[in-house]
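The two complexes that follow have chain A in common; it is paired with chain B in the first and with chain C in the second.
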Partner chain A sequence: MARSTSKDAQALFNSLRSAYSATPTSFKIIDLYVGFAVFTALIQVVYMAIVGSFPFNSFLSGVLSCVGTAVLAVCLRIQVNKENKEFKDLPPERAFADFVLCNLVLHLVIMNFLG
Partner chain B sequence: MQLVSACTKTLLDSRGKAAAMEKFSISILLIISLLPFLCSSFSQESPTDRRILVLLDDFSLKSSHSIFFSSLKSRGFDLDFKLADDPKLALQRYGQYLYDGLVLFSPSVERFGVALDLAAVLDFVDSGHDLIVAADASASDLIKSIATECGVDFDEDPSALVIDHKTFAVSEIEGDHTLIAADDFIQSDVILGKTKIEAPVLFKGIAHSINGANGLALKVLSASPSAYSANPSSKLSSPPSLTGSTISLVSVMQARNNARIMITGSLDMFSNRCFRSGVQNAESAIKYDKSGNEQFVAELTKWIFHERGHLKAVNVRHHKLGETDEPAMYRIKDDLEFYVEIYEWSGKSWEPYVANDAQVQFYMMSPYVLKTLSTDQKGLYHTTFKVPDVYGVFQFKVEYERLGYTSLSLSKQIPVRPFRHNEYERFITTAFPYYGASFATMAGFFIFSFVYLYNK
Partner chain C sequence: MLARTEPINGTAKPKPVSSPMNNFKSDLLNSFSLKSLKLKTKQQELLIRVSILCLVYVLAFITRLFSVLRYESMIHEFDPYFNYRTTLFLTQKGFYDFWNWFDSESWYPLGRIIGGTLYPGLMVTAAIIYWTLRFLRFAVHIREVCVLTAPFFASNTTIVAYFFGKEIWDSGAGLVAAALIAICPGYISRSVAGSYDNEGVAIFALLWTFYLFVKAVNTGSLAWALASAFGYFYMVSAWGGYVFIINLIPLYVMVLLITGRYSLRLYVAYNCMYVLGMLLAMQIRFVGFQHVQSGEHMAAMGVFFLMQVFYFLDWVKYLLNDAKLFQVFLRITVTFTVGVGAIALGVGTASGYISPWTGRFYSLLDPTYAKDHIPIIASVSEHQPTAWSSFMFDFHILLFLFPAGLYFCFKRLSDATIFIVMYGLTSMYFAGVMVRLILVATPAVCLISAIAVSATIKNLTLLLRAKNKVAQTASAKGIGSAKSSSKGLLDQSQPFHRNGAIALLLGAFYLLSKYAMHCTWVTSEAYSSPSIVLAARGAHGNRVIFDDYREAYFWLRQNTPPDAKVMSWWDYGYQITAMGNRTVIVDNNTWNNTHIATVGCAMSSYEDEAYEIMRSLDVDYVLVVFGGVTGYSSDDINKFLWMVRIGGGVFPVIKEPDYLVNGEYRVDKGASPKMLNCLMYDRARGVEIGNKDVKLEYLEEAFTTSNWIVRIYKVKPPNNRW
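On to the complex of A and B.
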């Protein structure tokens, strides 16, 4: 039984990998960016767990900047993807402009809340 | 009044009436302006008592205790002698007390005169005035109940006297060992004065003990461990109830309002006979030419009537370190300095009090800071400390209670506020990773947007 499940897991992993390599490069860049943002957020949470939450506003500001920009990148990826029927009529330039504007507002708020 | 009428008579006779009326009014004005100086009584500025009422069983006590009374008079007291059952006796008139101290040398009185009773005596003490009670073998229930209210219990047996077969005073007349020579004094320079009382004190009277629950009463002169309280003329049928050092011969009590009360079981201790006679302790066989009674009684009455051991604390000041005026509010983690002046009444003037154990508390429900005050030997006490990291309304509290001294209790309220938002440090070191992460995210976004746009 164990061998078949490990073989199944391996087969699943290989199929995922081959499907993913078929995605266009621009999406892979977005995915990399999201991964970087989430990783930075995780580091901050681990640091807070060790040191304590003394300047809580700074902690929130740091984590929120990472999480917010990850969320905005995910939105960009959704809107730019041609296979999504919902955003068929949305030009990708408009999506990118939204992404940049929202990030600017996010970072303005972060800078103010950082203390 | 007679002075005024004599003045006016001479004035009217010598000159014409008009000029005399002028002189009359001027002299009236002069006399009225001198009236304030005629009032010299107990006041906060001069805590020693002035007017003492002495209640006696009969006036022969005035002559048999004349040395004691004349020493009191020479120390400046106004003594007013009255019989204890005098119907015109009054401690107060129109709500104001006429006397500052009361001496009860009337052990056998059953009822005082009309205006005075147990409740009136207790009210007198409750209003801060001093009391001396001397009982005797003939002590009545009234005197014993006054003593019980002050925390001291006399022996219930009305015929019991203090007997000591080891430390009695050797005398030719009395052989029943009821005249005892006591030298077990309390160790306190404030109460008994700096000079050590060398000779023992002669005592003949009834025993009392201090109620164990009372924390304010002290034994100034205790009986020796071989003393007991029993009837000297009859055989003991059961062991006596009061024995040994629990028997107190002279006790004092300082009430929480600083009224001082002295209770003793021997009126003879104050008499001329005991003052003048020599003492020989049967046990140690040292003969003293003069008993210690006069010195003991003089020093103890000095303490009772507030000539010694009376403290006052004035002028509580505080300010931030480096400034001079008192702020209305402190901030947490400020440094501040606290000053208070403590003086001791020497009988005639306020002298600086010198001690190294006065403390100040910075108190809010419990003391956050407790510091010992350091003195400059001239009565000024000060200390410096940092306000704790808690905000709220605090009090500076000085609570000082020492054996024989009046208790000091001062408090001054002061609020403490937290940091304002611009009083924090500009960059907090523990938050550097968060600062770094935010800037890294911004840089990442910038680089990402370039890469995404120019990616073919």
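On to the complex of A and C.
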């Protein structure tokens, strides 16, 4: 059971790798950005675990800004991907403009919340 | 004739407009010279729709003005006086002083951080309207703006209801929804002119947020999701009931996920709304960090993580393109995620980091909780479970149109109709638990009933139009051929169907007109009295106005030293600070149970014990409400048992059975001895019944209003001792 699971896992891993390398470069850039944001959030959480959470609003605003930009970038990726049937008619410029607007609002609120 | 009554009752009729319908009413239209304007059909429809909406807008506003016309333009009830006082402060001192305000005039000697313990939405809205009007050089007083804020927002709610109905079903349903919600008593009860309370603005914000979110889910656009996040922010700033939104929307997302309607539009809409909405909501100091710490908000966070999992799984499935491998992946990830999620939740709740549901909301799930544990919540009459008569009173025909509308929604299931069904069902459950929440259920009931009305009338008029067409072609073919068997059969069945349709349409017309009459009657009789001014019929049938409350407060304002402190039951606290401008001990905010219990203890003890308590609180005046002379039933003696219960909750000295005789509550000569001698009895009823010769040692009477309703006593300073 374990042997078959590990063999399955390896096959899984290989097929994932090959499929992922086929995605266009622009999406890979967005994925890199998302990964960076999540990584930053993780660093902040670890830091908070070490030094305590005294200005809690600052901690929250830092973590939520990372999470927020990650989520918004994923939304952008969804809306720009031509293979998603639901967003076929959405021009990519409109998707990007929405992305910029939401990020603007997000960071304005974060700056107010940082304290 | 038809066109004139359309806007009020038959708003559903003019929807399916095309040439047969025009022929039907061509003589009428000619008389109103629409045809002579040579408008196309689409423009005619637009004109009809816009005029209906305008009329509904005006109707919603003017039906709430009964008390302004009968009495005067003033603020009603108790809570609105606090809101009025804070709005006054905001317009006089500016936003920063308002946001950081510490009030030492209430809850003496503790004071109250007003800036951090209120929902600023209502005050800021009224202040913005006031500043806009001032900028346009209209010299209005802030009180007028406050009085008329609620009807103005009720009118706006009808417009939002129209767009929401259009989103869920079609524009006809939207028009009917707007008309229904304009006059529905459930909504009017909390939004008459003068009821300057959070709900007046909050219901608008609620419907607005829901509409924007449903629009975002339908279109999958980030811009609409951002708008719904702002709508949510407005709701959070306006009312504590925002918890309903932050729980209903995740529940809705869960239902969609379970029924297999996961889509990328849903992902975009919910995520953007949740992250931005949560951040914006935390800017309100009263809410603070509750979105990440309180148990009531955890559902939203849980669904947020669930959405990420769904998206990730979906993406991997798309990448792999192979079912078997995907099964393996699914097995590994799902067990991992569920395990981690359960551990995190368990650790959070057990360690106390995630606080459990607070009393006020917990009593919604378990209605008997408040009665046993938190007497203050149980004593508010609006928090009692709802009786059937209240439902009928507030909803009338909508009560049976609601299940009909549910049927139609289930016939045409889509993301939007699932939402309105869930909103309707959850809000009806909560409306059954607490009377006050009928208000939250009203928009849902109106929308679903509108769907029922609109769909039914549409089907009926389709029936009418089809029969009309066939009848015309039959008559064109000549009368002779009508005698043939097939035609004969058709002709025989047609009039029956047609008559049935006409009868049903007339029936619907009658029902809707009855609804309108009922709503107007209810508004005029039940919901338009400012409870601060009482009216009654005198001996000769003339109307007598009791303005005692305001008389007492103005006496306080003019005849007592500015730093005098007044003790009364918490119902009157807001009014005393707003109109009397004196410091009070406890007021309607009820945030400190012990303080209120102290007052309760003082009111229900013997005079000398009460005197000690009053000295310790620096009380100068005591205000009580007495109904003996006028037969006013909601005076302090009626509320007395609550004082005992709340006082007994903190000070075990006060025991409820001491005040009852054989388990009954009596105030006449047969009352229990403790009752006869306690402070409240002396103050309120001492003159007529029971203890006839009441001698007051430590208090002296300072003022009694002209109808003996409010009595103010001065606390005598201690005797000089050496």
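Brief remarks follow.
Keep in mind that, in the parts below, the second predicted complex is superposed on the first by the 111 of 115 C-alpha atoms of A that agree within 3 Å, B and C clash if a C-alpha of one lies under 4 Å from a C-alpha of the other, contacts with A are read in each partner's own complex, and residues count from 1 in each chain.
As a working rule, contacts are C-beta pairs under 8 Å (C-beta built on N, C-alpha and C of every residue); 3 or more make two chains touch, one makes a residue touch a chain.
Being a predicted model, the structure only gives us computed values, none of them experimental.
Once the two complexes are laid over each other on the shared chain, residue contacts for A:P55 go to chain B alone; chain C is not touched. In the superposed pair of complexes, A:A37 makes contact with chain B only, with no contact to chain C. Judged by the touch definition given at the top, the superposed model places A:V71 against chain C, while chain B stays out of reach. In the superposition on chain A, A:I110 makes contact with both chain B and chain C.
Shared-chain residue A:D98: touches chain C; no touch with chain B.
Applying the stated contact rule after C-alpha superposition, one finds that A:S15 touches chain C and leaves chain B untouched. When the shared chain is aligned, chain B comes close enough to touch A:Y47, but chain C does not.
The interface of chain A with chain B overlaps its interface with chain C at residues 61, 99, 110.
Put simply, chain B touches chain A in their complex at residues 424, 428, 430-431, 433-435, 437-438, 440-442, 444-445, 448-449, 451-453, 455. If you check the complex, the residues on chain A that touch chain C are 5, 8-9, 11-12, 15-16, 19-20, 56-57, 60-61, 64, 67-68, 71-72, 74-75, 78-79, 84, 86-87, 90, 95, 98-99, 101-102, 105-106, 109-110, 112-113. Against chain B, the residues of chain A that register as touching in their complex are 25-26, 29-30, 33, 36-37, 40-41, 43-44, 47, 51, 54-55, 58-59, 61-63, 65-66, 69, 73, 96, 99-100, 103, 107, 110-111, 114-115. By the touch rule above, chain C contacts chain A in their complex via residues 220-223, 225-226, 229, 263-265, 267-268, 271-272, 275-276, 278-280, 282-283, 289, 292, 311, 316, 319-322, 325, 328-329, 332.
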